[in-house]
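Letters are used for the chains, namely A, B, C, D and E, taken in the order the chains are written, and counting of residues starts over at 1 for each.
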Amino acid sequence: MKENILIIGGGAAGMEAATQLQKMGLTPIIVEKSEKLGGHIAQWDRLFPAFHPAKDVVDQMLNQVKDVKTYLNTEVTDIQKDNNGFHALLSNNETIDAKAVVLATGFDVFKAERKQEYGYGIYNNVMTSVELERFFKTGKDARINNPKKIGFVHCVGARDVKVCNTYCSKVCCTTALKQACEIREVFPDAEVYTFYMDLRMFGPGYEDLYLKTQKDFDVKCIRGRVCEVSEDMDGRLVIKAEDTLFGKPLKMTLDVLVLMCSMEKNKSIDAIQAKLGIANNSDGFMQNKDMYLGMNGTSQDGVFVAGACIAPKSLPDTIGEARSVATQVFNYINR
Amino acid sequence: MDFGFCLSPSSHVKMDSVDLTTFNRLKETNPDINTCIACGSCTATCTAGNFTEMSFRRLLLMLQRGKEDEAKKMIQRCMLCGKCTLVCPRGINIRKILLDITR
Amino acid sequence: MIIEGKQKIWADYQKDIPDDHYFYVRSCIRQAFWPGSEVTFLDITRNKLGKDFYENPYHTTCGGIAYHSDTIPQETAMTIIARQFALMKESGYENYVCSCITSFGCYTETLETWHEYPELEAKIRQYLWDSCKKEFAKPKYLAHASDLIYKFRFDIAKQMKFPLVNVKTGKPLKVVEHIGCHYSKMFPSKGFGGAEYPHVLVGMIEAWGGEVVDYPERRQCCGFGFRQYFIQANRGYSESNTHKKFESMEPYEPDLIITNCPGCPYFLDRWQYVIAEQTGKTYGKDGYGIPALTYEEVAGLVMGYDPWDLGLQMHQVAIEPLLEKMGIPYDPKKKYQGLNGKDLGMPHCPMHIKSV
Amino acid sequence: MEYRFKGHLVEELYKDYRIKEGMKACMNCGVCTAVCPAAEFYKYNPKNIVNIVSRKNEQELEDLLKSDTIWYCGECMSCVTRCPRANAPGLVIMALRKLSMRSGLYMESEKGRQQYVVVKDLTSNILNYGYCVYPRTFDYETHKEFGPVGKWINDNLDDLHARMGSNLDGDGPGGLRKIPKESLDQLKNIFDVTGATELIEQVLADAHEEAVKEKLSDEEYFMKVYTENDWEKHLNH
Amino acid sequence: MNSQIFHPFVLPFVLGMAFVLTYCLVGLVRVVLQLPKEDRKKFLRSLVTPKIAWANIRDLFGDCLFHVKIWKRNPILGYMHSTIAFGWFMIIVIGHIMLFTLKPLEGVEAEGFARTFTNFYYPIFYKFFATETPVFAFLMDFFLLVIISGILIAVVKKIHSRIVGVKRVTKFGFADNMIRFALWTIFPFRLIAEKTNIMAFWWLYSFDLLIFMCMLPFTRYMHIPTEALFILMRHAGLKAREPRKGYNLAQLYSCPSCGLCIDACPMSVNDKNSGNTSAYFMKKLRNGDSEDAKRIAETCLMCGKCVMICPVSIESCDIKFSQRAATPYYINSDHSYLENVESSSSDISTVLYFAGCMTQLTPIIMRAMKQIMEAAGEEYEFLDKDGGICCGRPMLLSGKVAEAQAMIAKNTELIKKSGAKKLVLSCPICYKVFKDEYQLEGIEIQHHTQYINELIKNGKLKVNKGNVNYVYHDPCELGRAFGVYDEPREVLENVGNLRKAKSEKELSICCGGSLGSFNLTQKERDEITNNSVADLMFNNPDEIVTACPLCLKTFARKSPVAVKDIAEVVSEQLTS
């Protein structure tokens, strides 16, 4: 029973699924379009809610998949299904025959410039959460120059019909609070504000993180969506929002504004997804069978999904889903 | 010349120039003050709030948004009955803060 | 400021409109307050650029101001608009251009609402038939007059005599652009450059050599507010909005404000006078204000029209310092003359803001 | 108190296309209030308006319709651009104002009663001249901000418009041309057919009734409404 | 023996004595002058009122010398205190009696002024200057030994307090330790000096007295003279006013810092908080440390246990009230809206029930009360069904008397208007203020425990006796404040089995939720609650029953068994 399982995507979901499938005696094959495994999480510095280094987790995952057959810098360009299973053509012209396919293609970060009123790409000191995380990792970012006031905007590219994303991106709230604490650690004299609509602290220890953010890090959480950003004479950012709990419009000047960009579906898989006949759901992510027992299944027999390609998701959720997809694939092969 | 109208003051909360002296003083003795999640339990249960605009969660915001005078006016309504403290899900010692503001 | 970011947005928000054969409708406010602007628009487009802009004498107000002052029902406003469209159809045109931003907003809103609710369009069609025995056709293209000047900005630049440059320093003039709220705030895709970084006036300023000032309250409304101006008791609101804009732009020391809305130049101009009278504060240099001009007035100035033919004497804020900066020759004596040099007297000087 | 549509305010409001278009679901994010010019200078919060309308509570709606609140908006529509739920608070306000007028509740508030001024001025301009704003009815004495230049313009109206190339009161095309009678008649017909005339007559009658009650002539009442300003009450401290 | 009437070693004593007498006299005049005029009059008149005078004499002996109260609490400590105090008193008294019987040594009898002077120190050093009669000599030696036996206990207590049944003792500074050492050594030195007549010991004895008397005003031993004054003032019925003046000053100096209140205080469950007990409060305030005193005053739960246990009967809660009232408060309360408050009761009814703020948070009590009153066929009304106003007690607890009066006046108005004959309260916090502050002539005020008990007793309310084992918690403001101990217990006996808590009645431990404290954090309150719950759980009851909505809410957070209000328990056992 050394059946090939094609895993598209070498991020957290893909790697964890491969690890489990290999332990089950199957032969997972990872196809990753970038030059290394790890996906978005490999770019991350620390993880919420307890500031655990991301590298720890990523290194463990990488170690577990070191014997898994992996194609880097490779994309699936075509895929066919027949009675023997799936036949995928790769961008390096190799062909892979597999009994089942796991789509673990993850997410793209919302392009912040689409939310024009926030002026990302126009005003110098507007940055994204991803860029801030990179700053934490490398200590370098030209925009962060001993700032005295830093603001975080939640729900950028989420819960917003104007950018066609009506869903909640789930992880940004917790990430914002984590980063707010971290930036206070780096710049203890800075004032940090977050502008939220709801603080969705849905996981274990997340509410504690919120409490810590308020109490220990003195981060000021203001309920209200930032409405517009402009630049003043000194290149500082003037933001307007309503303090909705106070019921009054509010104006303040910030040195840096961090946009908590949402997750959108990774669209580079669209062509292959279409070939497999898998639709998108109303949020634009991949449609799985259902949200409960069929969460890893799709409308195409033998094609499975896991991770943030289904919906925005945290790392623990993704790992859980990757493990569950492995079980589903195993059962499918042994049906 | 009388035009029959004049400039109106702006109602914007100008966070750049808000005076936080009182709030920061309170924070020193009551670190919990930061942990309000504006759930409104205090307002809902308030004995004085039954008859007036008294709302502790709003009062805290007033102090943070440069409306200290309004906050002090609001405290005048308080009967110090302590129900708010009992219902606060964050365990904030509201009655003590109310008393501390006034000192 | 990263200009490339804006350029990307401008490239994304380009609307497809033809550059000729338009059915032209006028603006109530502009005819009353800035008559020179519409005259100049038609002169530039028809005579300088040789375009076809037809004006039907039977067209009326679109009712937009009355509609936004909540004095007439939506159906009334839509039927008046439908009547204008019927006139366009009768005149054999299918491109519609209006001089007024409120009109432009009403036309856009009407067309979008009809699109969403066809039963409402049918109802209006019936109303128009019942009242005027007319039938309308929706325009193929709807444009605002500033869209066309924007489209022709490089042609105008070719005929430019006085670029937006300070002749004494050789530096570009600092120009504030002010977009009428109803141009693209309701329907961002209907304006050049969208709602956040409209390009319609920026494009003109850049094409004619000026430097655009982007200040924090750039997007803020001038404060017209319809009923907030028409009723004296409410005018403090209107004045306060303009005041806020000027306080925000003041540090940038702009030389000029350019607008594409009928009311904005009136308010940005007259509220400067009122603020000066009430508080003693002026926003230009040496006790002058900052001129707030229409885009046609600016186009006329750069093309070498006589300032008094453009009607710049109808602004309360003195225009002369700007003319000096641009090196435009003018005859001060002619400022307050009527036809054939008729002496019309002179307005008296306000207390706090220089008018000459 | 008695007023039209009593008990049916919510129903009547939701018939308005502007509610259909502008009233989806609010998540209280506050961007409308943050950008709103009226929220800065008046005791006004568009988010709260949208909330009240979405609650569909008859009493709450009645209170709203007879308050000054709905008359603070300047209809700049800045809120429309930003709402992440594609609501249009500005349109909602317009629908509320119309209902407030039709129900008669607008007479309960200082700012509501002002509708008499705009209705009288603007609709008579349209019906008499075919313009919303017409220079011959734009009086310097009631528009002091028109300034010395404005006074000079008004004093020399014919000469100046002739100088500027307007066709003031003339036939054919051109600025400020005389709108042909035929066009004015059509406008009147449109007003009759679409309900504007009815609304106008109602507003004028309400005002007259109020003027009689206050023992004022219509002109005196007009000036009272035009200038009356309980300034402090409207400010958002 | 020695043939002289004077020796230099008496000088230290004479100096010390002169100092302490002067100091006390000045202090006495000062305290009396600090009293407001009416209080001063009251005080002076009380001294000649026979009834009060008798009480004064009784307590002066009972409390100052025999320490009856300490005997009751702890016989060992009682012995210790009364031996030292009474023994010393007797030595002085007998010494002075002996002055008339002493035979001066030959040829050295003093006359005139010298006689008066020698009388001053003769009784103290009589063995050096005179020969005595055997009976007196025996008595003197006997009492001296009695004192020393008390001192021995004191030494043991110092070394290991638990032997004498004390967990925590007051921690003292250098001065207090030094004067204590002086006190301990006075009597052994005297014994040795008398028996050996070694000069050095006479000197040591005299110096010890000097040290004791000079340090006395500055240490807790000042309570010895002050307590006498305090007893007189207390019996005169004076009230606590300004924190460090007049009657309060007398109270402050009367505190012997014995530390009995430290163990009694519920806050002492956390060692950190034992510094916030009354003993320390008195000490801080006495020493003029106003910041600390203010903090402690605002931390105190006001449960009254320290007052109840105090051997000197110091009203420390009252002093804390004065301290709170003295704290500047910059807000002028505006309760003008009270004018518009309406009562929810409409008709005239015999029984008016006032739930109060806290009961509004525990609607189960209101429901139970309703059921009980219905079952008893009472004609009743709720005063604050839709939320009334506060009773005013929390305002009073904050020291804001005038503000509290506004609420009291409004409630009084509403109650009087109702025409009720009886006012029933289910909240002891309210009960306390209604009893103490409200002027409701003709209206009987009852706590619901009393009311329910009455209903059962007069047969209006029929209840079943179930077999649930209850333990009853005495709310501070009901028990210690008004001694309502029996009624709730009788009620509970009627509906089930009553088990005893470890500490009951006046010794019951505050639930920790008290409104009295401003400063205690939730965590600190939880510690108190846990301790109180453990005490109640001593005999493994099935349910904890209390009679205060605040206790109910507080215990419910931490209790391993169900916590119920007494009304709820009764309503469950109504005979249908």
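Here is the rule we go by: contacts are C-beta pairs under 8 Å (C-beta built on N, C-alpha and C of every residue); 3 or more make two chains touch, one makes a residue touch a chain.
Being a predicted model, the structure only gives us computed values, none of them experimental.
Novice: Could you work out how many touching-chain steps separate chain A from chain E at minimum?
Specialist: Graph distance in the chain contact network comes out at 2.
Novice: Kindly list the shared contact partners of chain A and chain D, in label order.
Specialist: Per touch definition, common to chain A and chain D: B, C.
Novice: If you tally contacting C-beta pairs for every chain pair, which pair wins?
Specialist: C-D
Novice: Which chain is most central here if centres come from C-alpha coordinates alone?
Specialist: Ranked by how close its C-alpha centre lies to the overall one, first comes B.
Novice: Could you give the separation in Å between the centres of chain B and chain C, each centre being the mean of its C-alpha atoms?
Specialist: Distance between chain centres, rounded to whole Å: 46 Å.
Novice: What whole-Å value do you get for the distance between chain B and chain E if each is reduced to the mean of its CA atoms?
Specialist: Distance between chain centres, rounded to whole Å: 38 Å.
Novice: With chain centres taken as the means of their Cα atoms, state the distance from chain C to chain E in Å.
Specialist: 84
Novice: Considering chain A alone, which of its residues make contact with at least two other chains?
Specialist: 117, 223, 228, 240, 243, 248-250
Novice: Find every residue in chain D that makes contact with two or more other chains and list them.
Specialist: If we look for residues of chain D contacting two or more partner chains, we find 35, 39-42, 81, 145, 227, 229, 231, 236.
Novice: Return all touching chain pairs.
Specialist: Applying the touch rule to all chain pairs gives A-B, A-C, A-D, B-C, B-D, B-E, C-D.
Novice: Can you check the complex and tell me which residues of chain C touch chain D?
Specialist: Of all residues in chain C, those touching chain D are 26, 28-32, 35-36, 38-39, 55-61, 63-66, 68-76, 79-80, 83, 105, 113, 116-117, 120, 127-128, 130-132, 134, 181-182, 185-186, 188, 195-196, 219-221, 223-228, 230-241, 244, 270-271, 273-274, 311, 313-316, 336-339, 342, 344-350, 355.
Novice: Within their complex, state which residues of chain B touch chain C.
Specialist: Residue list for chain B touching chain C: 1, 3-8, 10.
Novice: If we count contacts the way the header does, which residues on chain A are in touch with chain C in the complex?
Specialist: Spelled out, the residues of chain A in touch with chain C are 113, 116-117, 119-124, 228, 230-233, 235, 238.
Novice: Within their complex, state which residues of chain B touch chain A.
Specialist: Spelled out, the residues of chain B in touch with chain A are 11-16, 31-32, 34-35, 37-38, 57-58, 61-62, 64-65, 90.
Novice: Considering the complex alone, what residue numbers of chain A touch chain D?
Specialist: These residues of chain A touch chain D: 117, 155, 159-162, 197, 223-228, 240-244, 247-250.
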